[in-house]
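What follows is a set of structures to go through.
One chain, chain A, appears in both complexes that follow, with chain B as partner in the first and chain C in the second.
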Partner chain A sequence: MNTKNTLTAERRRKNILSVVLAAICIIYVLPVLTVVINSFKQNTYVKIETFALPTAESSAGFQNFITGMTFGNYPFWKSVAYSALITIVSTVLILLCTSMAAWYIARVNSKFCKIVYYLCVFSMVVPFQMVMYTLSKTADTLKLNTPWTIPIVYLGFGAGLAIFMFVGFVKSIPLEIEEAASIDGCGPIRTFFSVVFPMLRPTMISVGILEIMWVWNDYLLPYLVLDINEYRTIPIHIQYLKGSYGTVDLGATMALILLSIIPVIIFYLSCQKYIIKGVAAGAVKG
Partner chain B sequence: MAEVNLKHVVKIYPHSGKKKKSEHRTGNLKVTDQGVVAVEDFNLDIKDREFIVLVGPSGCGKSTTLRMVAGLEEISEGEILIDGKVVNDVAPKDRDIAMVFQSYALYPHMTVRDNIAFPLKLKKVPKDEIDRKVNEAAEILGITEYLDRKPKALSGGQRQRVAIGRAIVREPKVLLMDEPLSNLDAKLRNQMRAEIIKLRQRIDTTFMYVTHDQTEAMTLGDRIVIMKDGVVQQIGTPQEVFDDPANLFVAGFIGVPQMNFFDAKLVKEENGYIVSLGGVTIPVDEAKSKKLAENGVESKDITLGVRPEHIALMGEGKEMLHGTVEVGEMMGSSVHLHVTSLGQDVIIIAQTIDFKGTHMESFHTGQEIAYTFGGNVMHIFDKETGNSLTR
Partner chain C sequence: MKRKITGGYTLKAPMQRCSWLFMGPVVAAFIIGFVWPFIQGIYLSFCKFQLISDAQFIGFDNYKTALADASFRHAFGFTALFAIVSLILINVIAFAVAYALTQGIKGSNLFRTVFFMPNLIGGIVLGYIWSMIFDGILQRFGTSILLDSKLGFWGLVILIAWQQIGYMMIIYIAGLQAVPEDMLEAAKIDGASRWQTFFKVTIPNVMPSITICTFLSLTNGFKLFDQNLALTAGQPFTIGPDGLPVKQTEMLALNIYNTFYGQNSSSTGVAQAKAVLFFILVAAIGLIQLYYTRRKEVQQ
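And then the complex of A and B:
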């Protein structure tokens, strides 16, 4: 009798919890949902019935997407290409450089390494807005203002978090595996690429996802650094939807925002299980 | 396949800046201005295909010595030669050695096959030869069926086999093993120990094996190096270190149960020596007397060592020592008796069945017994230095 009661109580508690959590989830996805709904509505209806589902009357079909992509005199595919280029190059650069640096920092026990490590960690707490003016000046002088060179700026900004996460993980890898590699015939470079690099995979994926989401969605840095007439990334392109005529085509804006977050969502979902693994791997030793 | 020579090898771990306090923790290790001396003046000539075991309590510098041979640890002073060549400044990968670690140190992202093949791939051995060698090693170690698994999916014993496989495929000059069995449970440990003995007959290589377990040392080693606090105590065959321990430490470390030690008096007489203990005198046997005489030992206080298995519970017409049984540990074919005698604990191994097959009397707590031992099983140590007087 008694146990039955507690079981029912337990079940009730769980149900309540589910409802609460579901409500929180809805609050979280609501903005995204709003974007999705409105991207299929005509511009006028976006403003008056923001949260209503598209009806036969208000629906714009795929017109918003077409408008968004053909808007203005800057081809949409170009901004997609630039966004992809910058994101991919930056992420690869960050992963490669910071994993190597982190391995060195974690394994070589010197003052220099400690200083570099704390500098990297410190860089995480410096907000972008604090350095953006001098940074864009410097980027201009150093010719880091093209989509091919801006990844170097991203490397600088992404390095802090990446090194922090990689160092944590490398420290949890037993040193003996690397010693075994050095006895088996590896030099340091070989040891890194054949043995350490594959073991870093879970952290690679979580760092990779964080960096990809950040770079892909970043608006301020490319806006300040790149020559806007020449190179536009997707976020910049979207903001130009409103600039020119004074009026804003909200439907088209929503449509482009939806397009721009789809790749990130797909990528996130396909790597989701590694994210959790990677975060846990850094946190718990062993 | 090679000789290894260690000449006056010393390892000093430098003081790490502010950690001056840690000197205290390092207990009995010598501490100099340069740092903590983990290994002191290590001299050893290892013959081709010899199986050397380094044994000693935790922290005595066994691993450090092995890692210096492997090239994982810098040599502070002295020289290490492999095959007559000084290797002090040779990188581990160029020393032609292999090592098995206590934690296995397998590459987690590679299958067992790739793990074993890895050193061969690095040596650019042709593909078909790699396959042949990997299969052969797997055959020897009985891991053929696991070749395509990842290390994560193996048990401890299987992982250790893979680690050994990875070490033997490349046919190294020297095979180094650092406590390879200590992560295994007792039964598996015995089994793997037997397999290492078998393995050793199948492959021609020089072995250096580190353990803190004296049974492993005794059963595996051609010669044993016993270390304590970074200092080599004795080097010899298992029989030598068992029969003729160089000092009290070795005497107590080798052999289970531990050797009994008594405070006794050595008396020099006209034709030999006698030991007097608890009012009983036992003549030292001829061979030992001769040694004592050669060493010019006079009458003095000594520490007398007698192994539990050498104590007899009956002696025809001899003067007997007396004691009271505290505990009797039944081991099957024998009983380990803990006896209080002469104001100390004495361990005696008594057989439960005599040579005719009849059961001996059983022992119970509080029982009074008498015991003795022969002059030939006595180990005589200097009371001050603890060194053997009969060497």
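And then the complex of A and C:
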């Protein structure tokens, strides 16, 4: 009888928890829903009736999305394309170069390797503001100020965390596998690409996710490095639209914000498992 | 058993012969993207300059100017308060939610998915989403987030809590799931109450996660930039004792940015000095907190 009572009490407690969490959940989704409803409203109604659903009177239909496409005298699809280009190239470059370097650091372990490794760890505690001025000038001098070359800047500034995570993982791989490959006649390059590289997969995914989230959402680095009249990423474009304060068309801005969140949410829902694992791994190690 | 790397590792010599291939790209990019800008940044903080080529060494003058700057001092106070308030709020809620989600209730996965989602949205976009929401609420009261620094402060706190609770929650869930089941069972058999078990078994075991989360949320709080720029951009302004405007909701990172790229083009040296101070502050917080909280962890 007594155990039965505690069991029902336990069940009741869990139900209450579920209800409380569901309520927080709804509060969590509301900001995004507000963006959705406002992206279909005319500008003036966004300000005065922010939380009302679009009515026949206030609705703008898909006009906001059409206006948004050429809003701010810059085609929106171009900033999407530049964001995608920079994110993909930077992530691939970081994964390839840092995994190679990390393997070398972990295996050769010379004095030079140790210096590079500790500099990488050190770079993780340095805030971007410390180097932003000199970094953007250096990038300018070296002509790294285009979407095709900015990945090199990302590789340089983002190497720290990636090297740190890869070195940690390589150290846990037994040497015997690589030695067997070398006895079978593999040189270092082949050993790396056909033996080590496939084993790094879990860390590759974690590092890749962290880099994608960072580069896609980064505002200040591309803003300072790129020529923004020609090249705008999504965050730069949205900041530019709102920067011209007062005259801004809020409905169209919300339409663009919605369009820029949709790919992120699709990406999240389709690789949720990896994202959450990657974030936990990155935090625990960083 | 794990073998130590010795001279016997057969690949070492061949690897060293192609070190340029493995290390070259990262080292070159790392020098361009970090080492050189960092060294140059330290040097320039002791210089007066408008272009890097015309830098003149002037000793500690930039640091004196930076420390006497009313807007910088205000930004420091505002940022410190913000970092502490958001640290407490984020970690308490994130821990509570993570604890609730590890009790085996229905819909845990869905809740976790929703709570983590805001992390994937960038700071600028988040700032504008919330600026619309706050405008929508506050205009009913005839005010705006840009008019009152208290509203700006709490607006930023709400925004950052909304964004980062999910992130910290993930780390706490990982920590809570690693608490040994037999320890909890043993506590139960020994007649420990729910609260006793929580404080004597659960908390000491998740201490590593608590270390990481407090460390992360404190440095994140100090480094906040995008959200600050997008939500308030430092408004409202008041006039400081030296006749220059002091932006009431401007945080350190934004203050440094505005000093670099603001209207006064001769203050780049001062801005770089502020950036060095900022770096020392962020690095020191990281080290102190890491040292302090690591001592409390369970010995393993």
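Here are a few things to note about the model shown:
Heads up, the rule we're going with is that the second predicted complex is superposed on the first by the 248 of 286 C-alpha atoms of A that agree within 3 Å, B and C clash if a C-alpha of one lies under 4 Å from a C-alpha of the other, contacts with A are read in each partner's own complex, and residues count from 1 in each chain.
Assume a residue touches a chain if its C-beta (ideal position, glycine included) is under 8 Å from a C-beta of that chain, and two chains touch if they have at least 3 such contacts.
What you see is a predicted model, and the numbers here were worked out from it, not measured in a lab.
By the touch criterion defined above, A:115 lies against neither chain B nor chain C after alignment on the C-alpha atoms of chain A.
Contacts of A:159 after superposition on the shared chain: chain C is touched, whereas chain B is not. In the superposed model, A:187 makes contact with both chain B and chain C. When both complexes are overlaid on chain A, the residue A:242 reaches chain C alone and has no touch with chain B. When the two complexes are overlaid on their common chain A, residue A:53 makes contact with neither chain B nor chain C. In the superposition on chain A, no contact is made by A:7 with either chain B or chain C.
With both structures placed on the common chain, the touch criterion links A:177 to chain B but leaves chain C unconnected. When the shared chain is aligned, chain C comes close enough to touch A:126, but chain B does not. When both complexes are overlaid on chain A, the residue A:23 reaches neither chain B nor chain C.
Set against each other, chain B and chain C touch different numbers of residues in chain A, with C touching more. The intersection of chain A residues touching chain B with those touching chain C, taken from the two complexes, comprises 174, 179, 182-183, 187.
The residues of chain B lying in touch with chain A in their complex are 70-72, 91-93, 97-99, 101, 103, 105-109, 118-119, 122-123, 166, 170. Of all residues in chain C, those touching chain A in their complex are 2-3, 5, 9-12, 14-19, 21-23, 25-27, 29-38, 40-41, 44, 52, 97, 100-101, 103-107, 110-125, 128-130, 132-133, 135-137, 139, 162, 167, 170-171, 174, 212, 216, 219, 222-223, 225-226, 229-230, 252-253, 256-257, 260, 268, 271-272, 275-276, 278-279, 282-283, 286-287. Across the complex, chain A meets chain B through its residues 174, 176-177, 179-187, 190, 194-195, 198-199, 201. Chain contact summary for the complex, chain A toward chain C: residues 14, 17-18, 20-22, 24-25, 28-29, 31-32, 34-35, 38, 46-48, 50-51, 97-98, 100-101, 103-105, 107-110, 112-113, 116, 119-120, 123, 125-135, 137-139, 142, 144, 152-160, 163, 174-175, 178-179, 182-183, 187-189, 191-192, 213, 216-220, 234-235, 238-239, 242, 250, 253-254, 257, 260-261, 264-265, 267-269, 272, 275-276, 279-280, 283-284, 286.
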